[in-house]
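Sharing a structure below in structure tokens format, with a few things to ask.
Chains: A, B, C and D, in written order; residue numbering restarts at 1 for each.
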Amino acid sequence: MPRRDWAQFHSPKNLASALSVEAAELLEHFQWLTEAQSHSLDAPKKAEVAAEAADVLLYLLQLCDKLDIDLVKAAHLKMVVNGEKYPVARARGSSRKYTET
Amino acid sequence: MPRRDWAQFHSPKNLASALSVEAAELLEHFQWLTEAQSHSLDAPKKAEVAAEAADVLLYLLQLCDKLDIDLVKAAHLKMVVNGEKYPVARARGSSRKYTET
Amino acid sequence: MPRRDWAQFHSPKNLASALSVEAAELLEHFQWLTEAQSHSLDAPKKAEVAAEAADVLLYLLQLCDKLDIDLVKAAHLKMVVNGEKYPVARARGSSRKYTET
Amino acid sequence: MPRRDWAQFHSPKNLASALSVEAAELLEHFQWLTEAQSHSLDAPKKAEVAAEAADVLLYLLQLCDKLDIDLVKAAHLKMVVNGEKYPVARARGSSRKYTET
């Protein structure tokens, strides 16, 4: 028996919302920083960002569990696909992916 | 030497944006489904969701790498914190966390 | 002279982040509710949702102002485009847009 | 009678998701740009951003309509509240709101 009986709220639809909300909370920490500032967070801010990153991971794992998705396998597959979409010889030094998608 | 030389775009600020955008793309697959429908995706839809989930994970890992955050440790810490915030004896059968935050 | 001198933080890039974060804060109010519950918020919750909706609008207006985008004209154009993409005779009673995009 | 009969999908919960997804699509256009680049979009990119901004507004209006929220009144109220939270005399020249929240 589930210990807290919260499964009733945890439909994949709801977990996908929660994941997106947590990702936005993580983004909130960076929204007014410059890119340069975002490289060097102080310790308290870094701890807050780590906690938000953990929330993102935990909801992602719950979502994949509910949907019977093998997340590690999906990530490997994605890395292969990305490798084919952006071969090193053509992509290096280019920002086309970033500026012209 | 980085193989594709994309690191210049991958500030933590930008990676946090990309993470949030990918999480929203994942959510998009669920936004018009009922909660019941969201439990039983057909195979093509499930493959699309798996690919989006992979994107979320890959950006999350890149972000944590840039910031020198130990994601697994952060997730463990979060689970301990959640266990203390929502002790089983009080939380079971209650939806207070969900409906009254 | 701008009264609070915050314009330095308000690049379109940053405003787009802030807009997305506010939209997620609005979503957070709904994420554990059923669709039925989401139709009948109590007064305090409704006031909170209204405040988040206002934040979304205010950032959207600032972003469009910075980019010299005529938002009302863009919305009218979009309504015309949507009218052509989903003509009434074909779209009525169908959920294709929602379930098969 | 509603012309396309899509109201069945348009619960406040679903509209809040759609709003958040559209805001992320808007953000996607900016995620790899520098802040400086984000000020000067070329015409095709600006048209795409305008179309996403329109989507955000249209979902926001639908959501407020469903919930019987007066969006303009809520925005006015929010501006008053912000004026009190960040009085000009204390806020000018300071980035505290942005860097220390």
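Going forward, a residue touches a chain if its C-beta (ideal position, glycine included) is under 8 Å from a C-beta of that chain, and two chains touch if they have at least 3 such contacts.
Keep in mind that what you see is a predicted model, and the values were worked out from it rather than measured.
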Comparison of A-C and C-D by number of C-beta pairs in contact, larger one: C-D
Approximate Å spacing (C-alpha centroids) for the pair chain A, chain C: 22
Averaged-CA centre spacing for the pair chain D and chain C, given as whole angstrom: 5
Residue numbers of chain B (touch at least two other chains): 9, 14, 17, 20, 23-24, 27, 30, 32-35, 95, 98
Category of the chain touch graph - line, ring, star, complete, other: complete
Residues of chain D defined as touching chain C within the complex: 3-6, 8-9, 11-14, 16-17, 19-20, 22-24, 26-27, 29-30, 33-39, 41, 46, 49-51, 53-58, 60, 63-64, 66-67, 69-71, 74-75, 77-79, 81, 86, 88, 91-93, 95, 97-98
Residues on chain D engaged by chain A in the complex (per definition of touch): 17, 20, 24, 32-35, 95, 98-99
In the complex with chain B, residue positions of chain D that touch it: 9, 14, 17-18, 20-21, 23-25, 27-28, 30-32
